[in-house]
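Both of the next two complexes hold chain A, though its partner changes from chain B to chain C.
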Partner chain A sequence: MSHSPSISLEGLNPEKFTLGARAGSLVGRFLVVGIVGLAVAAALGLTGDQGDLSRFLHAYTTVYVYFTSIALGALFFVLINHVTSAGWSVTTRRIAELVTGAFPLLALLSLPLIIAALMGTAEIYPWANPDGGLVPEGVAHLVHKKAGFLNAKFFAARMVLYFVIWIAMAAWFKSRSLAQDLSGDPAITNLFKKRSAPMIPVFALTLTFFALDLLMSLDPVWYSTIFGVYYFAGGFLCFMALLGILAKKFGAEDGILSGFIRDEHYHDIGKLTFAFVMFWGYIAFSQYILIWYANIPEETAWYHEREGLFWGHVGVLFLLKFLVPFVGLISRHMKRHPQRLVIFGGWVMVMHFYDMFFLGMPSHLNTLHYLEAQAGPATEAGKAWHHAAESFASMPFGIMELACLIGIGGLFVAAVAKSFASHSILAVRDPRLPESMTFHNP
Partner chain B sequence: MSSQYDLEIQTALEDPTSRPHLVMGGATFASIDDDVAGVSEGFLKKTSLAWYAMFGASISVLAMLGAVVVYLISTGVGIWGNQSPVFWGWPIVNFVFWVGIAHAGTLISAILFLLKQDWRTSINRFAEAMTIFAVCCAGLFPAIHVGRIWVVYWLFPIPNQMEMWPNFRSPLLWDVFAVSTYATVSLLFWYMGLIPDLATFRDRATSKIRQGAYAFFSLGWTGSSRHWHRYEKAYLILAGLATPLVLSVHTVVSFDFAVSQLPGWHTTIFPPYFVAGAIFSGFAMVLTLMIPVRAIFGLQHIVTLRHLEVVSKVILATGSMVGYAYAMEFFVAWYSGNPYEQFAFTNRAFGPYAWAYWIMVSCNVISPQLFWFKKLRQSVPALFVISIFVNIGMWFERFVITVTSLSRDFLPGSWAYFQPTPFDALTLIGSFGLFFTLFLLFIRFLPIIAISEIKGILHKQESHH
Partner chain C sequence: MEQQEAKALGLLAEYETPQALMAAAEKVRDGGYKRWDTHTPFPVHGIDDAMGIQPTILPWIVLGAGATGTLTALLLQWYTNGVDYPFLISGKPLFSWVPAFPVTFELTVLFAGITTLLGMLALNRLPRLHNPLFDVKRFARATQDRFFLALDATDPLFEDSSARALLEGSGATAVEDVPDVPTNENIPSWMWQVAIVLVFATFVPLGLIAASYNSTSTTPPFHIVGDMDWQESYRYGEEVPFFDNGQAMRGALPGTVAVGELEEDDAFYRGMDDMGNWLAVAPVEVSKSVLERGRERYNIYCLPCHGESGNGKGIVHERALALDTSGWLIPRDLTMDSIVTQPDGQIYDTITNGFNYDAETGTGNMAPYAAQIRPEDRWAIVLYVRALQRAANASIEDVPADKRSAL
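Moving on to the complex of A and B:
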C-alpha cells in the first residue's frame, strides 16, 4: 500500500500480473447472471402489460448508456494520459485499457436499440415512426424536419460507426501496450503520444453524437448544445470512481499490484475524481440555469418532466452527485485513504446511475401520459395507460429496471473480467514505470 | 544560440524514460538570478532607447484613451456606434475580449500548478502579469459604458438612504462580482508569488531608492524555512481557490448573453465554450508577447522552444474546443427545427456580417489547426503569426456573437446594420495603450520570470542525474 522501495522493476514478468482464474471464474458466473437478467427483462417487456415494452426499452437504454459511459471514460483516460505524457498513471493505465475491452460486448448490446429503431418502435424513439401516434400534433412538423438526421437507417449506421471507431481505438492501444510488455520498446510510447492526439477529436464527436442519439432524441423536440459535454463529464467521473475502487482492490496488501499502487496514486485518482465532480456539477448547473432563466417552453418542458413528476430530481441529483462527494473528497486526507476513496467511489458510481436514470426514464412516464391522453382518460385503454403510469411513478426503480441493471451489468462485468483474466494488469515495461513508482505529490 | 538548446530538447523528447530538462544552457541558481534580474537591472546600466520609444508610444496612446473617455463622459455614449437595435456594440466586445485574455495567467498559475506541470514556471509570472493588466483593460469598458459614470458605484450593493439595490437577478451584476473577485485573487496570487523574487531584487539593489522600494514590497522576506513553509501552503490554497475562478469568470460573462432568449445567445454550451475560448485567447496573447521578449532579453534558455511548443498545443486543444462549440451550435440550430435559431446561424455565416464570421472561423478554427504540424509548432515565426491570428479571431468572435444576433432580431422592421464610429476604434486602440504601458513598466521594474520557482525545478533537474 505504501511506498515499497524494495520492489525491483527489472525483469518483471507479465505472467505474474495476470489474474487468470481469479478473474476468469467470474466470467461464467456473470455471463449467466447477465443472460438471465436480460431474459427476465425482455420477457417482462415483450409479453407484459400495456406500457411494459416502453418501460423495458427505456430501462434498457438507461442501463446501457450507463455502462457505455464507463467504457468511454476508460478510453478517454488512456487517450488523455498518452497525449499528456503522464507518468503518474502508468501503474493504473492498464486497468483502463482492459476496461475498454468491453466495447465489443457493448456493440452487441446496441442491437436491441438499433432493431427497435429499425422496426419503428415509437415507444422508445418517437422519431423512428413519426406517424406512429407518439409525436404530439403541435410538434409533428419539427420531427419531420429532423428526419434527415433522426431516421432509423441513419441512426443504425451511426451506431455501427461509433462502435467500429471505439473498438478499433481500444484494441489498438491495448494490443500495442501488451506488445510493449514483451519488448519494452520506448518507441511505442512515443507512438501512443502521437496517435492519441488526433484520436481525441474523433472521440469527442462520436461520444457527443452517441449521447444525442440515445438520450437526447428520446424527446425528439428538446435540444441542448451542452448535452455531449454533460454525458462526457459524468462518464469520465464514473470511470475515475471505478478506477479508485479497482486500484484499492488490486493495490491492497494482498492485491496483485501491492506496492505498485501507492498512496500517491490514490491521491491523484482522488484529485481527478474530485475535479470531475466539480466539472460535472458545473456543466449540470450551466445547463439548468440557462434553461431555467430563459424559460422557453420547448426547453423547460424537459426539465419539467424531470423535476415535477417524481422526487424533484434536479435538486436531489445536484445535492447527491455534486455536493456530497464535493464535501467528502475535498481534503487531502480523504483522497489518500483508499478505504474512504472506495466509499465515495461507490457513491459516485451509484449517483451516476441515478443521473442516467434521470436522463432516460422520465421519457417513459411522458410516453405513458401522452398515450393516456391520446386514448382518452375515460376509455379502457386510457385507464390501462394511466395504471401503467401510476405503477411506474409509485416505484420508478422496479423489477424491470433491476433486471436490466443485472442483465447488462452482469454481461459488462463478465466482459471486463474476461479482459482482466487473460492479460497482465500492469504495463510491466512501460518506460515511465519507474517514474510512476517514485513520484510524490506535494 | 537558440538552435543549440533546440537540439538538446529534440533528443530529450524522443526518450520517454526521462523527462527533458526544462531550463537549458547549464543554468545555475546564480545564473538564473543574473539572467532574470539582469532584465530589470540592464535598464540601470544602459539607457534603452527602444524601451523609451515604446513606452512613449504606449503612454501617448493611453493619454489618447484618457481624452476619449473625457469626451465620452462629457458627451455621452452616443459618440459610439451603439444604436438601435445594437445597443451592445464594441464596448462589450472589448470587455469580453480583454477578460478572455486575462484567463491564461490564472490557468497557468493555478490549474497547471495543481496538475504538477513544471513547465509553467518559465511563463507563469509573465502570464499572471498579463492577466492583471488585461483585467484592468476589461474593467474599463463596463465602467465607461454605464453612461452616468458618476453613479458607477450603484453597480455595488451599497446600503443607501433610497433603499435602492442592484438587480441581483441580472447577470450583469454577477459580472461585477465575478470580475472583481477574479481581479482580487489574481492580484493576490501574483503578488504573493513575487515576494521571494522581490527580495532577490532587494538584495541585489545598488541604489538606496531601489533597495528601499523592493524591501518595502518584499515584506521582510528572508527566505527562512518558516517563510518558505508558509509560502508554499498559501500558494497551494490560493491555487485551489483560484481554480474554480478560472471557470467562473467567463462562465458568468457567457451568462450575460446566454440567459437571454435571443437566438445565437441563448444556448447551453456557452459557459464551457466561453471558458475554452478565454484560455485559447489568453495563451495566444502569452505567445504574442513572450516571443519578442525572450528574444530581446536573451531568455531562450529559460523560455525554450519546448515551452512555446507546449503553449501551441494548448492553443490547438482549446481552439479545437471552440471549433467543437461552433459546430454544435450550428448543428443544434438545424436540429432544433426552430426557424429563429436557424435564421440566426445562417445569418451569421451568409448574412451581412458574413465577412466577420469567416474571419472568426479562419482565425479561430482553421489557423490553430496548423499546430498539428510539428514543424510549425517549432517555428518561432509561425507561432508568432498564428498567435496574432488567434487574437484577431477572438475579438471577431465576440463581435459576431454580440452584433449579428442584435442587428437582426425577431422584428425585421427594426433590423439595422451596425456602424462603429471612429471613437469605437479609438477606445479599443486606447485600451492597448493602457495594456502596453503597464506591461512595459512590468518588464522594467519587476522580475518577469519566477526566479524562485525556476530554482525549484532546477533542483529537481539536478537530482535526477
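Moving on to the complex of A and C:
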C-alpha cells in the first residue's frame, strides 16, 4: 500500500544487500587503529608511573563494558523481536544480528581482566587479594565471606561461561537467519520464536552476573540488587540509539536499505529509545532514592565517591542521560525525523559512555586513596599515590582513557564492519518482510 | 434545521473492502469535504492519511495536564513538608527533590492519564447517546463486515446531487440517505436515578472519614499490612554475626557529635561567664514551676544530708551521729552566710563537681551529682536553695501582713 511500488519483494537477492568492500575497507583501518590504541594504553599502564596500572585496568573495564553492553543490547533486540513475533522490525533486525558478531572479539578482550583477576591484582579487584589492604578495615571480613563467589578462578570460569553462551546464542540466530535468506523457510521463524523465550532468562542472568563481576565487584562491599537491570537498561538504550543511527545511514536515499527503512521504522526505533530512556531513568533513580533514604554509610559511600568526579554531582548524569533525551524525544514528530533521531541517538551513546565511566572510574580513585593510606600519607610512596590521585581527579578523562576508547572501540568497529561486509544486511526472505514494509503507526 | 418535510441528514455509502473505502476516502478528501467520517469493523491502518485527518491537539492538552501535575505535586510537597508542617525526619532536608520525585511522577502520570481519557472523549464529543446513522439499517454491519463512509449534510460543500454522484462513482456498493428520524434525546430517567444514587454514594466514605476524625476509639486499629507495625529489627545490645564487632548497634563514627551533645554553652553547663568567673545569677527563668521542680529534686538528692530546711541536719547526718561514726564530716548548713553570699554559679558547680572532691580516687567532702541530675534541674535546685536561705534568714516583715497573725 504505502511502500513505494517500485520495490518488489519477490526474488530479492541477498548479494544486493551485502555491503562488501564498503564496509570491508573499514576493517583493516580500524584494526590498526584499535591495536595501536590498545598498545599505547597497555604500555602506559604496565610501564608508567605509580597508579597507572590501576588506571589502565579501570579505563579498560569502563570502555570494555561499554561496547559489550551494545552487543548485549543487539542480542536482546533479536531475542525480544522474535519472542513477540514482531513484524515491524524485520528490515532492521539483521543489523542487530550482525552487531552481535562482535562477541568473539569481546570474549578475546576479556582476557586482560581475567588475567588481572588470576594474578590477584588488588588494584582493580580488591577481592582477588583480600589481604592486599585495599578493602576498608572494618569490612574486610565480609570480603572473606564472599570469597566463595568472588574468587579469581570462579570469576574466570564465569567469564568463559558468559561468552560461550552469548557467542552460541548470537551465532545460532545469525546463521539460521542467513540460511533463511536462501531458503525462505517459515519454519525457521517459528523456531526462533520458540527458542528465544527460554533464552531470555538465560540472557538476563548472564548479563546480570557479568555486570556484577566486572563493575559491582570493583567495590566488593557495596551492593545493589538492581545493578544488573541498570546495566541492561543502559546497554539496550545505547543499542537502540546506535540502531537509529545505522538505520538512518542505510535507509537514507542513497543507502543500501533505501525504501526498506521507512519513517515508520524511525518512529518505532524512536519509541523504543524513548521508552528505554525512561526505563533507565526509572532504574537509576530507584537505585539512588533507596540509598539516599536509608542513608547507611556502607551504601552511600558508593555514591559519595561518585559525587566528586567530572561534573561533580550524581544528578548531572540523571539530567544529561535522562531529562535531555526525554524532553527531546517525547514528541512523535521528533521520532519520525531521522536527522533528529540521529542527533539524540549520538547524545545517548555519549551519555551511556559517561554512565559507564561513572560506574567504573571512581573505583580507580578509591584504589589510589587506599594505597595512599596504606603507605602512610607522610611517606614518599604515600605522597606519590596522593599525587596520582590528584592528577587523575583533575583530569579524569586523559590519554589513558582515550587510548582505551580508541583501542577497544577500534577493534569493536572492525569486528562489526567485518560482519557487515560479508553478509546481507537485510533478511530478504523473512516471512514477515512484507508486514515490515507496510505497517503503520497510528 | 429548517422546518420542512423530513430532509436527509447526510449520505451513507457502503463498501466491501477496506481498500475500496480507502480509495473513496481519498476522493472525498480531495473533494474538499470537511464533515464526514468513516466507520469500519476494525482499525484500518493508513485511513487517517486517506481522510486527511490533521494531527490532534490532544498531545498538547496532555502535556499541559502533565506539567500541571508536576507543578502541583512539587508545590504540595514543598508547602506541606517545608513550610506548613516542618518535621525533621532522620536529619533529611525538609524539602528535597529526591523524595519528592516519586510523588511528582505519580501525579504527572495521573493528571496526564485522566486528561487523555477525558480529552479524547471531549474531542470526539462523547458520550453521545444517539447517532442518526443507527437509523440506517445496513449500518449495523459496520461492526461486522462492511465499511462505511458518512457525509454530513451540514458540510459547507454539501450539495445532494454532486455528493451522491461522488460517492456512487467511488466504488460504493450502495449509497443511502441518512433519515432525520425524530428521536427522544433526553437522558432516560433510570440513568438519572443511578447517577443520583452514585453521587450520594460517594459521600458515604467521606462521611465515615469525617465521623472517625472527630471521635476517639479504644479498640486497636486493624492492620491491613502489618509489616510496619511489627517490624523485624534488632534491639539495643543484641548480638548479630553480620558486623565484625558482633553487635547490632552501630557505634557513632569517631568525631560525630549528636545535636545538643557539644554543651558549648559555658553559662548553662558550667555556671561560668566568658572570663571564667562564677555567674552571679542563674541563667534560667525563675518561675513557680521551676521552684517546685527544684524542691522536688532537692528533697530527693540533697535533703538526706543537708536537711529539709537546708540546715545541714539531714537524716543521714542524724543517723551517723547516732551510730557515733567518728570521722563523719558534717554536711554544711546551706543557709550560713558564706553560702548565702556565694554566686549561683558556684553552688551549681558544687552540685556538678562536688566539694573538695577528687575524681581520681573518688573521695572528698561531697560527691558530684552531675551523673544523676540534669543541668536544668541543677539550676532549679540552686534556685530552691536560695529560697531555703531566704526562709532561714527571714524576719516577720517578710510575711504578708494579713498572714502574720497566724504565726
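Criterion: the second predicted complex is superposed on the first by the 435 of 442 C-alpha atoms of A that agree within 3 Å, B and C clash if a C-alpha of one lies under 4 Å from a C-alpha of the other, contacts with A are read in each partner's own complex, and residues count from 1 in each chain.
The rule is short, and it goes like this: a contact is a pair of C-beta atoms (placed from the backbone, for glycine too) under 8 Å apart; a residue touches a chain by one contact, two chains touch by 3 or more.
What you are looking at is a predicted structure, and each value in this text was computed from that prediction instead of being measured.
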Please tell me, clash or fit, for chain B and chain C sharing chain A in the overlay. clash
With both structures superposed, pick whichever of chain B and chain C touches the larger number of chain A residues. B
Once the shared chain is lined up, is A:Y293 touching chain B (first), chain C (second), both, or neither of them? both
Should A:P431 be classified as contacting the first partner (chain B), the second (chain C), both, or neither? first
For A:P442 in the superposed arrangement: first (chain B), second (chain C), both or neither? both
Of the two partner chains, chain B (first) and chain C (second), which one does A:S331 touch, if any: first, second, both, or neither? second
Which of the two partners, first being chain B and second being chain C, lies in contact with A:N190: first, second, both, or neither? first
Tell me which partner A:G20 touches in the superposition: chain B (first), chain C (second), both or neither. neither
For A:G138, using the defined touch cut-off, is the partner it touches chain B, chain C, both, or neither? Pick first, second, both or neither. second
Stretches 199-207, 217-225 or 343-351 of chain C: which one clashes with chain B? 217-225
Considering only the contact definition stated at the top, list the common interface residues of chain A for chain B and chain C. 141, 289, 293, 295, 442
Using the touch definition from the top, list the residues of chain B that touch chain A in their complex. 14-17, 19, 114, 116, 232, 236, 244, 247, 251, 255, 258-261, 266-272, 320, 324-325, 328-329, 332, 335-338, 372
Could you list, by residue number, the parts of chain C that touch chain A in their complex? 43, 45-46, 48-49, 55, 59, 63, 90-92, 97-99, 101-102, 243-244, 253
Chain C partner, complex, touching residues on chain A are 1-2, 138-141, 285, 288-289, 292-293, 295, 297, 315, 330-332, 438-440, 442
Name, in rising order, each residue of chain A that touches chain B in their complex. 85, 87-88, 141-143, 145-146, 149, 186, 189-190, 197-198, 201, 204-205, 208, 221, 223-229, 271, 278, 282-283, 286-287, 289-291, 293-296, 298, 431-432, 434-435, 441-442
